[in-house]
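Next come two complexes, and both contain chain A; in the first it sits with chain B, in the second with chain C.
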Partner chain A sequence: MKKHLYPLILLAFLALLPLAVKSNYFLHLMILFLLWVVIGSSWNILAGYTGQVSFGHAAFFGVGAYTAGLLFQHLQLSPWWGMALGGVVAVLIGLPFGAICFPLRGAYFALASLALGEGIRHITTIAEGFTGGMMGIMIMPTFTSKVPYYYIALGLAILSVASIQAIISSKPGYYFVSIREDQDAAASLGINTTLYKNISLAISAFWTGMAGALYMNYMGFIDPHVVFSLHDYSVMAILVAIVGGVGTIYGPTVGAFIMVAFQELFRTGFFGLFEYLGKATGSPAFTTLSGAIHQAHVLGFGILVIVVILFLPNGVVGDWEKIKRNVFRINPAG
Partner chain B sequence: MAYFRVEKLVKKFGGLTAVNDVTFDVEKGEIFGLIGPNGSGKTTTFNMISGVYPPTSGRVVFRDREIQGMKSHRICHLGVGRTFQVVKPLGRMTVLDNVIAASFSRVNSMREARSTALRTLEFCGLSPVQEVLAKSLPIAGRKRLEIARAMATRPELLLLDETAAGLNPTELVEAIELIRKIRENGTTVIIIEHIMHVIMTISDRIHAINFGQTIAEGTPKEVAANPAVIEAYLGTDYA
Partner chain C sequence: MDVFLQTLVAGILKGGLYALIGIGMTLIMGVMGIINLAHGQLMMLAMYVTFVLNTMGVDPYVSLFVAMPLLFLLGVTIQKFLLNPLIKVETILPENQVLMTVGIGMVLTEIARFAFSSDYKYITTGYANQTFYLGNISFSMALTIAFAIALAFTAAMFWFLLKTDLGRSIRATAQDKDAATLMGVNTGRITVVTFGLGSALVAAAGCLLAPVYYIFPDLGGPFTAKAFIITILGGLGSTVGAIFGGVTLGLAESMGATYFGMEYEDIVGLTIFILVLLFLPGGFKRLTKV
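After this line comes the complex of A and B, so read on.
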C-alpha cells in the first residue's frame, strides 16, 4: 500500500477541496488542471510508453468537443451524451491514421499526427453548414456552479490515470514499452507491433476525446481555433508530459499542475504583482512590464522547457531522486 | 519431410545477391551450425527464417508449414525463437521485465508471465542480475539476456546468432554449457558462430556458406577437412 500512499493523499485532498475553496477562480484553475491530467496522461501512454510521438492531440480533443457540441446542435441531445461518444469518435478519427502510419517506422506517425490536427481544424472551419465554421458552437451550461464540473473532471482524471496504470502493469503495457525500446526485438518476441501501436493510440485518443467533450460541456463555447489549436493543445500536451516526466504514471499529473500554474502566473502578470507595483510606485515601467508579461507566456514555456531538458531530462517525476539528492545537499539541515 | 528445411533460398538486395540458392535440412533435437566468413549471408539467412524480411525466392518449411514471408511475431508464435548478433536489449527495462515481456507471448496473466520469466532467468543463470536495467549489463550478460528472452517465448527451434562473440574464455565455457542445456531441454538449435572452438565442439552437423552459396555440409570433422572451407577461411595457399 505504501506505493499508493501519496496518490491516495492527493486524491483525498482533491475530493475535499471544494468544501474548503469557494472561489470560482481557483475551482476553474483546478478544473483546467484536471483536464490537463487527462490529456497529458493520454499523450503519455502513446508517446511516453509506446514511443509514438504525437504532435496532433488537439485533433482528438477537438473532435471530442465537437462531438458533444454537434450532437446538441443537430439532434438536441444533451451534450452529456457527447461525453459518452466523444472518446469513441476520437478513436474512429485516430485509427485510420494509425493503420496507415504504424506499419512504417520513424517520423511518419509524428508528421501525420501534425497534419491530422491541422487538417481537421481547417475542415471544421470550412464545413460551416455542419459545424458553424468560425462562429463556433454555443450551448447553455447545465450547471451554474463550478463544483459539479470539478467532480466530473476529477472522476475523469481518476478513471483515465487508473486505467492507464492498470494497462501499463499488464501485458499491453509491457508490449508498449518493448515497442518503444526496440521494434525488431519486440517483433522477435511475438509482439504484433502494428496492432499494439494502434491499441495504444486508441486508448490515448479515447481519453483525450473525453476531455474534449467535458470541455464543451464546461466552457459552453468552442470554435475551431480554440479546440484544434496546435500550441494550446497539441504542443501543450507534449509540454505537460515532458515537464512532469515522460513514461511515468504520475508525471503528466505533476506536469499538468506546473503548466497550469505557470500559464496562470504569466497570464495574470505574476498574480497582479507588477500591476500592484506599478500602482504603488507610480512608475510606468512596472505597468508596461505587467502588460508585456501577460503576452510572454509562450516565451516563459520556452524557458521552462529548456530548463527542464537541461536539468531534469526525465521530468520532475522521472528525476525525483535527483531533485531530492540535490535539495538535501544544498540544505543539509533538511 | 524434414523437421525444418530451407529450400533454394535466395535474397537479393538490389544488384547484390546476399544469399544464393541455399538449401539445408535440420532434424529435430539437433544442434546445427551455420558457418562462413564475414558477409557470407549467415545473418541474412536468419533474418529470412525469422521474418525480418521475406526471401526473394525459395521456401522455409517448419513442421510441414511454409513460413517464408510471414511476419516476425507470427513466426515467433509458431515456435521459432531467435537472438540478434547485434544485441537488442530493451534498455530501459530491467532484465526481469525484458523476459516477462517475452513470456507474454505464451501466457496472458502477469502472474504466469512472471513465474515463466523467473524460471527462464534461473535456467539461463541471470537470476542475480534480474533487477538490473538491461542497458547497464556487460556484453556477456546482454548475450545471455538475448538467449533468455528467446527461451521465454518457448521456442521449439532456436536461432542463435553469434552468441559467443566477444566473450572471454570462462564465459565461453558457460555459453557452451547453456546451449547444450537448451538442447537437452528439447529445443532444436541452429547456431551461427565465428569461434571455431565453439561451433566444432557443440554442433552435430555444420553447413558452410561463402558469398551466399553452400560450399560444404557434414559433421564438424568433415567440414573442417573440406578444401573449399579451408580456402574460404584461409585462402588458396592452404587449401
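After this line comes the complex of A and C, so read on.
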C-alpha cells in the first residue's frame, strides 16, 4: 500500500487543483505538464525500458495532432474524433517503420527515427492541398474554460502512466527490459526481439499520438513547424525522460514538471523578475538581461542536457539516492 | 542531354564537399562507436569563423588555416571534457554520448545566434559567381576549387590513416578497441585526436562551402542530417564508403532538384536513407568490404 501512497496523494491533489486555482495561466501550465507526462512516459517505455532511443517522437505527436485536424478539415468531424483515432494512426505510421529498423542493430533506429520526424515534417509542408502546408490548421476550441481540458489531460496522463506501469510489471515488460540489457541473451531465451520492440513502439506511438490529438483540440492551431519540431518535441521528450529518470515509472512525471517549469522560467524571464527589477531600479541592464534570458531558452535546454548527462545520468528519480547523499548530506548507512 | 550532364557535374562537385563532411563523421563513428549529432553545427561554426575573418579582409580559402586548427581544438575539448567522462559513468542507456552531442549542437547553435543573430550572412568574393565552360557545361569556379581542395584533403587523410603511426593507431582503435589497448595504443588519446580531426575536416568543408552558401545559425541541423545519411549510405565507420556516400548524395540531390523540383531536395536524402535501410543495411561497406 505504501508503494501507491505518494502517487495517490499526488492524484488527489491534481484532481482537486482546479477547485482551488482559478488562474487560467496556471491551468495552462498544468495542462502542458500533463501532456508532457504522457509524451515523456511513452518515450520512456520505448527508450528507457526497451532500450530503443527515439529521436523522432515529434513524428507520432504531429501525426496525432494532424489526424484530429484533418478529420475536421476534410470530413467536418468533431476534432474529438481525433482523440479516438490519433493514437491509432500514429501506430500505423510507427509499425512499418519499426518493421524496417528493428531487425537492424546499433545506431540505426536512433538515426532512422530522426529521419522519420524530419521526413514527415517535410511531407506535411509540401502536401499543401491535403494538409494546408505552412498555413497549418485552425479549429475553434470546444470549451472556453480550461478546466475541461485539464481533466481530459489528467485522465490521459493517468491512463497512459497506469497502462505503462501495468505492462512493465507484466511479462512483456520483463521482455522489454531483457532486450535492453542484452539482446542476444533475450533472443537465445526464445524472445522474438523484433516483435517485442515493435509492441513497445506501438504502445509508445499510441500514447504520443493521443497527446498530439489533445494538443490539437486544446491549442486550436497547428502547423508543421510547431508539431513536428525537432527541438520542441523530439528532444524535449528525451529531456523530460532523462531529467526525471530513464527507466523509472514516475521519472517522466518528475521530469515533465521540471522541464515545463524550466521552459516557463526562461520564457517569462524568471516570471518577470528581471523586468520588475528593471522597473524598480530604473536600470536598463535588467531589461536587457530579461530579453537575453527570453532568447536563451534553447541555450538553457542545451546546457541542461549537458549538465544532466554529466552529473545525473539516471535522472532525478534514478539518482535520488545520490542526490540525497550529496545535496542533503543524508547517509542511509548511518 | 546538356541538362543531364550539367546536373551530373553539379552533383559531383557538391558530392566532393559532402564526402569531406562524411569522412569526419565516419572517423568519429568508427573510433567512438557513436554518431556525432553536432557535426553540422561544428561546420556552421567554421563558416562563421570564415565570415568573421572575411569581414577583416581574409580570403575564405586562407581562413582554412585558422578555422581548421580552431575547430580541432574545439573538438579535442569536447571529446576530452564532455564525451570521455561519460564512458566511465554507469547508466541505463548506452546512447548518453549521442544525447550529449545533441546538447552540444543546441548550445553551439544558440551561441552563434547570440553572437551573430538569426540573419542570413553572405561572404562576397570576386570569384563566387564566376563560372567557366567546358563545351556547354558550366563549372562554378568556387565549387570547382572547393572540389579540388576537398580531393586534396581526402587524399591527405588517406595517406595519414594508412602510412603514419597515429593513423594506424586510429584504425586499430576503430577495429578493436580492447586489442588496440593491449598493443599499447593509448585509446583515450586516440578518441580525443579523432574527434579533433573529424571537427577539423568538417571545418574545412565549412570554409569551402562558405563562399557559395549563405550562413545562418540553424544550418547545422540539415547538414548533420546530410552527414549521417552519407555515413549510413557508406557504411558506419567506412572512410571509402563515406566518399561514395557523399558523391551519391550530392548526385541524388542535384538530380532531384533538376527533375522533381527544388522543394524535393531534402526529401531525396531521406528517401535514399530509407532505401538503404531496406535493401542495403550496412551501406556500401557491405559491397566492397573496405
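Note that in this section the second predicted complex is superposed on the first by the 327 of 334 C-alpha atoms of A that agree within 3 Å, B and C clash if a C-alpha of one lies under 4 Å from a C-alpha of the other, contacts with A are read in each partner's own complex, and residues count from 1 in each chain.
Quick note on the criterion: a contact is a pair of C-beta atoms (placed from the backbone, for glycine too) under 8 Å apart; a residue touches a chain by one contact, two chains touch by 3 or more.
From a predicted model like this one, the values you see are computed outputs, not experimental measurements.
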First (chain B), second (chain C), both or neither touched by A:187: first
Contacts of A:21 with chain B and chain C, given as first, second, both or neither: neither
Residue contacts on chain A - larger count, chain B or chain C: C
Partner chain(s) touched by A:174 [first = chain B, second = chain C, both, neither]: first
Partner chain in contact with A:242 - chain B first, chain C second, else both or neither: second
Partner chain in contact with A:51 - chain B first, chain C second, else both or neither: second
Contacts on chain A seen with chain B and repeated with chain C across the two complexes: 247
Chain A residues within the chain C interface of the complex: 47-48, 51, 53, 55, 100-101, 104, 106-108, 110-112, 114-115, 118-119, 122-123, 126, 180, 230-231, 235, 238, 242, 246-247, 292, 295-296, 298-299, 301-306, 309-310, 313-314, 318
Residues on chain C engaged by chain A in the complex (per definition of touch): 29, 34-35, 37, 82, 85-86, 89-96, 98-100, 102-107, 109-111, 113-114, 221, 225, 228-229, 232, 236, 263-264, 266-267, 270, 273-274, 277-278, 281
Chain A-facing residues of chain B, complex: 50-52, 71-73, 76-77, 81-82, 84, 88-93, 97, 100-102, 104-105, 108, 110, 113, 149-150, 152-153
Chain B partner contacts - residues on chain A that touch it in the complex: 169-171, 174-175, 177-178, 181-182, 184-193, 247
